[in-house]
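Next come two complexes built around chain A: one with chain B, the other with chain C.
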Partner chain A sequence: MAQVNPDFMETLRQAGTDTGAECNNCGTCVAICPLAEGHFPRLMLRYAQLGAQELILDQAQELWRCLHCGLCTQTCPRGANPGEVILALKRFVVASWRRS
Partner chain B sequence: MYNHQDIISLLAANVRATKSPFGIPKPLVNTWWKGQGLGREGDVLLMTGLMYQLVPYIETVTRQLERFEDTRFMPYLAWARFVPKLLSGLGLAALTPAPAKDKAALHLRDIVAALRASGVSFGYRPELDEYSGILLYDLGDQESFVRHARLVAERLAQAGVRRIITVDPHTTYALKVLYPRYVGAQFEVRTYFEALDMGTGGGAVASPDAGGARLTLHDPCFYGRYLELSDLPRRLLGGLGHQCADVRECGAYTSCCGGPAEAVSPRLSARIGAGRAGQLAATGEQLVTMCPICLSNLEKAGANVLDLSAILARGLPRREPDQAAGPGQ
Partner chain C sequence: MAERTNHNPAQAPADSQAPAHNPAKNPPPAQNHDQAPDRNHDHDQAQDQAQDPARVGVYICYCGGNISDHVDVEAVRARMAAQPGVAVARTNMFMCSDPGQELIMEDLRAGRINRVVVASCSPSLHEGTFRSAIARAGGNPYQYEHANIREQVSWVHHGQAATDKATRLISAAAGKAGLLDALSPLRVEALRRAVVIGGGVAGLRAALDMADSGIQVLLVERTAWLGGAVARLGRLAPVGEDASGLLRGLAGQVLAHPGVTVHARAVVSGFGGYLGNFSLTLSRTPDPDVNADVNADANANADAVADAAPLSKMPSKTPSKMPSKMPSKMPSKMTVGGFVRGLGVLAPTQPDAASQDQGPLTVRTGVIVLATGHRSYTPKRGEYGYAENPEVLTLPRLIQHLADTEAETGPLLVLNGRAIRRLAIIHCVGSRQIPGIHQEDESGCLNEHCSRVCCAASINAANQVRERHPQTSVYELYRDIRTYGRGQEEMYAKAAANRVVFLRYSADDAPEVRRCPAGQGFPLEVAVRDGLTLGQELRVPVDLVALATGMVPGPVAELVDMLKLPVGADRFLQEVHPKLRPVELPLPGVFLAGTCQAPMDIGEVCSAASAAAVKAVALLSKGHVELDPFVAEVDEQACTGCGACVAACLNKGALGLETLELDGAMVSRARVTPALCLGCGACVAVCPEYAIDINGWTLAQYEAMVDRIVCRLEGVA
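After this line comes the complex of A and B, so read on.
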């Protein structure tokens, strides 16, 4: 069972963005993403909101499929900035991996 | 798909040791300026960020990565970071075909020709022209990006550089947005087509042989979305008598060429590139772009694409080097 960390958004803020909390999981980012597979990037944003660090680290490879093209950020109706949240998650993962 | 840790470790180690993501000695990569009569002094420094020059090497690397992606040999990439940088860099240089290197140089020479034609005064100092580190930023290796960016910015500042002309969207975004944000370096940064627009007073004067072609522009993500620079290339082309036939996915809503994924998954990159090439082909017109990565990836997808610089260089009246650039090298 995955543990949640309610302070994870603060960690993410230090990694560059705190807008992920605005996401209401509408799925516009999934529809517009050129990867067009699964629930990327929405799923990662939900993990970030929940602070499901273990799941993020377990599925970290998925983050590097992101092209950082910014189309999700451009079209997000909530201003949740999914592209930058994904980039912040990459930074979090790289920092975790360097620490270990 | 390659392991992100292997890719990041390799690229970061290369940048740290050689200031280049591929470890190729700069004298081998940056040769386009020789024989161009470029002055060292000028109101503004031309900075290529080595992106056009690196593309032939990126293509070589991608071809190799493509061969081994998702095969049993893929994990061996983890050992690549232990290969001496100079050795791997020289090997990569030897594997990269000369015509591809010449083609990359041609785009930069076209940019210089267009700047000269519009009367923009600029200087070029090869020793200050460094890779911006943008790939490290995109891959999330913030620590390595900031370390490299600080080094590049400090050298520019020490040389008294305040104003910069850039030639590609990745370096432009790095210098214009990321350097001020993460290393506190403030430069006045313009793309070459912004400089051209200013040089021509917003109205390019076409040479007599400039043609009225119909063109479809592929806006690179960094220009179209992040920097909101889609209108200017269209205005310049319009001034030269060309018409732009846009696809729906243009400007701020442009679609990615797939290039940024090629380091971790050439297969994914090719799939995205093919999709974008298909969107652009809908107009049936000549495709144009202004990013070396987009150019390479769309060409790989089978599209016939021109670099914006080629059209601008042909469309603006030629000037001799000494009319714009000062004493030659």
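After this line comes the complex of A and C, so read on.
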């Protein structure tokens, strides 16, 4: 059972952007993403929004599907900037990997 | 008092051809309204019919195939044309259309007919349509009979059986129509006064609107305060007006209005009368003590641990274990029109209070507006940890706290001296309950309705917390979000921008509120299977849980019994028609306003209250009202005064015995109060002398119908 942690947003902000907090889970990013399977990238944004760090680290390989085409960021109706959030999450994962 | 005026010659052209039988028996309308109804009506009618025999017009509707696909309408028409007493028989594709109605009106104007039968759909749809057409053509709208050959025939029978049944029903209607009298509507004098029960926003709005239209209004409020549930609110969704300002303004207008008398600390304990002339008994509630009110409010839900330490009315940064009540000096300083959060605007003492007369007071009124409001759902002990954990409270309490501490900002929300780092709001508590999933209350009832306002109220509270206390995180655990009104969707979007985190649960897998394991730094955690994270189980450690409790029906059982009010399956008071007559009750002259009817927000409450006010004013505007004349009438010659009908009468006061002079002797006779008579016929069934009848539904008319149903008809099985 994953734990929710609002302080994660600060971590993510330092890694690039915390705009993912404004996501309302509409799934437009999933629909537009040319490479995604399943619920990528929405689910990763959701994990970030909740601060579910262990889920992010567990499923970190998903992040490297992203080629940063920017379509999700262009189409996001909330301006949550999913592409930039994915990039920040990659930095967070790498930093966590280094520490462990 | 009411008056029956039969045989208004102006409304019955057939009658005008006959000389007046006895002018003394035909009092002109609008006079002598205290007189008994015209008791010689049946004799007159017999003479009328001798002079102007019934000529029945029968009009049969195809209903665009709805009827004619199963009933051979033309065959029925031919059969009806051959029946005795039927002057014309016609068909039309849609009788309710203008050309259809014109058929009837033309035959009436040409004098070909003087009674009308339309065979079509249910009378609840179009009886009024055809009565109105008759009146427009100068006929008497009560010389009309409706045969339902759609719901009762073509929708349930087919082929020859359908055609034959339609023939029987129309034939019976024509038989009855031949005996229909030229009735006139009951005319009831109406007091231009209104009583509004309930001093919340609905009652205040309705009282003000009626008073502005020149109606004298008496506003009855159980407590000493005006404002109802709105008095407990702060910044209102979606745009943030201040509830207290709104209430001060509205209550101030009511208190200053010369047309409104506020009767606070009173309840309705007796009811009688009828539209235009109701009588209500008002009893004083126990000795009013404003201080007691304040304490009672602070201790509402005192059995709940959460509320045993009531939310501070003082600045919350003052840590205090003591239940902080209003300063005891406050009530003596309170002046009429003053506002106290949680209670409302102080109402004046009653006009008659000075006399120390504590007895009940009887008031007479033309109409009644019910604005008795709702109750906020009280969670069961243990429901989402309520009453077992001091960190669980209801959303209304949180909203009141936010209102009380509105001037405060700071990184963290502070409640009872405790900093709140994370707040969870759980939606749909006590609303949208599902049989088999939720537990019934003591009376075996579930609240299956959506309370409609709690989504907006929760999101509004979340936005306030996030904007005033940016370090306090807010989680909204919801089933579905219903932000349906103007500006509410924007408010919902703003919550996302404010970084309120939404988690979605399903009704059969509700969140669990439990003590957080030691060492985690939070008193509670909420475990939820989140639909937005593909059913991931999540733990949300929190400092405070607010339960978005819904609206449940108010405690109005006594009023329901007294006024015989209809109550819906959801136990809210139920209107006549949810779409077309949304503020009316079957009891004429009694109207619904506000949340006694259903959950609604303040704007909707005011719409309903203003609608009720307009309906009431329209009824009273002429100083009298007209009712359908289908009520009992006594034949004094045949009546023996045995009283069986009085014992059988279902509506107290509609029938009584009176002593009167008849042929030089004093005798006892049954007497009908027409405005109270339900027209049910219970009296007719028990009268041993056949001395009482229902106008428009007389025994002779029933016999004519039965004769036509059982007689041999050519070609009909």
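We take it that the second predicted complex is superposed on the first by the 99 of 100 C-alpha atoms of A that agree within 3 Å, B and C clash if a C-alpha of one lies under 4 Å from a C-alpha of the other, contacts with A are read in each partner's own complex, and residues count from 1 in each chain.
Criterion: a contact is a pair of C-beta atoms (placed from the backbone, for glycine too) under 8 Å apart; a residue touches a chain by one contact, two chains touch by 3 or more.
Worth saying up front: this structure is predicted, and the values here are computed from it rather than measured.
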> Putting chain B and chain C on the same copy of chain A, do they fit or clash?
Replying inline: fit
> Thinking of the overlay built on chain A, is A:Q74 touched by chain B (first), by chain C (second), by both, or by neither?
Replying inline: first
>> Rounded to the nearest 10 degrees, how wide is the angle at the Cα centre of chain A between the Cα centres of chain B and chain C?
In response: 140
> After superposition on the shared chain, which partner residues are touched by A:V4: those of chain B (first), chain C (second), both, or neither?
Replying inline: second
> More residues of chain A are touched by which chain, chain B or chain C?
Replying inline: B
>> Touch test for A:E22: chain B only (first), chain C only (second), both, or neither?
In response: second
> Regarding the shared-chain residue A:L35, is it in contact with chain B (first), chain C (second), both, or neither?
Replying inline: first
>> Quick check on the superposed pair: does A:L55 touch chain B, chain C, both, or neither? Answer first, second, both or neither.
In response: second
> Which partner does A:W97 reach: the first (chain B), the second (chain C), both, or neither?
Replying inline: first
> How far apart, in whole Å, are the nearest Cα atoms of chain B and chain C in the superposition?
Replying inline: 24
>> Residue numbers of chain A touching chain C in their complex, please.
In response: 1-4, 6, 9, 21-25, 39, 43, 46-47, 49-50, 52, 55, 78
> Which of the residues in chain C end up touching chain A in this complex?
Replying inline: 422, 473, 475, 493, 496-497, 499, 501-502, 527, 530, 532-534, 536-541
> Any idea which chain B residues touch chain A in the complex?
Replying inline: 1, 3-5, 7-8, 138-143, 221, 225-226, 252-253, 255-256, 258-261, 264-265, 268, 272, 275-276
> What part of chain A is in contact with chain B in the complex they form?
Replying inline: 15-16, 34-35, 60-61, 63-65, 67-71, 73-75, 87, 89-91, 93-95, 97-98
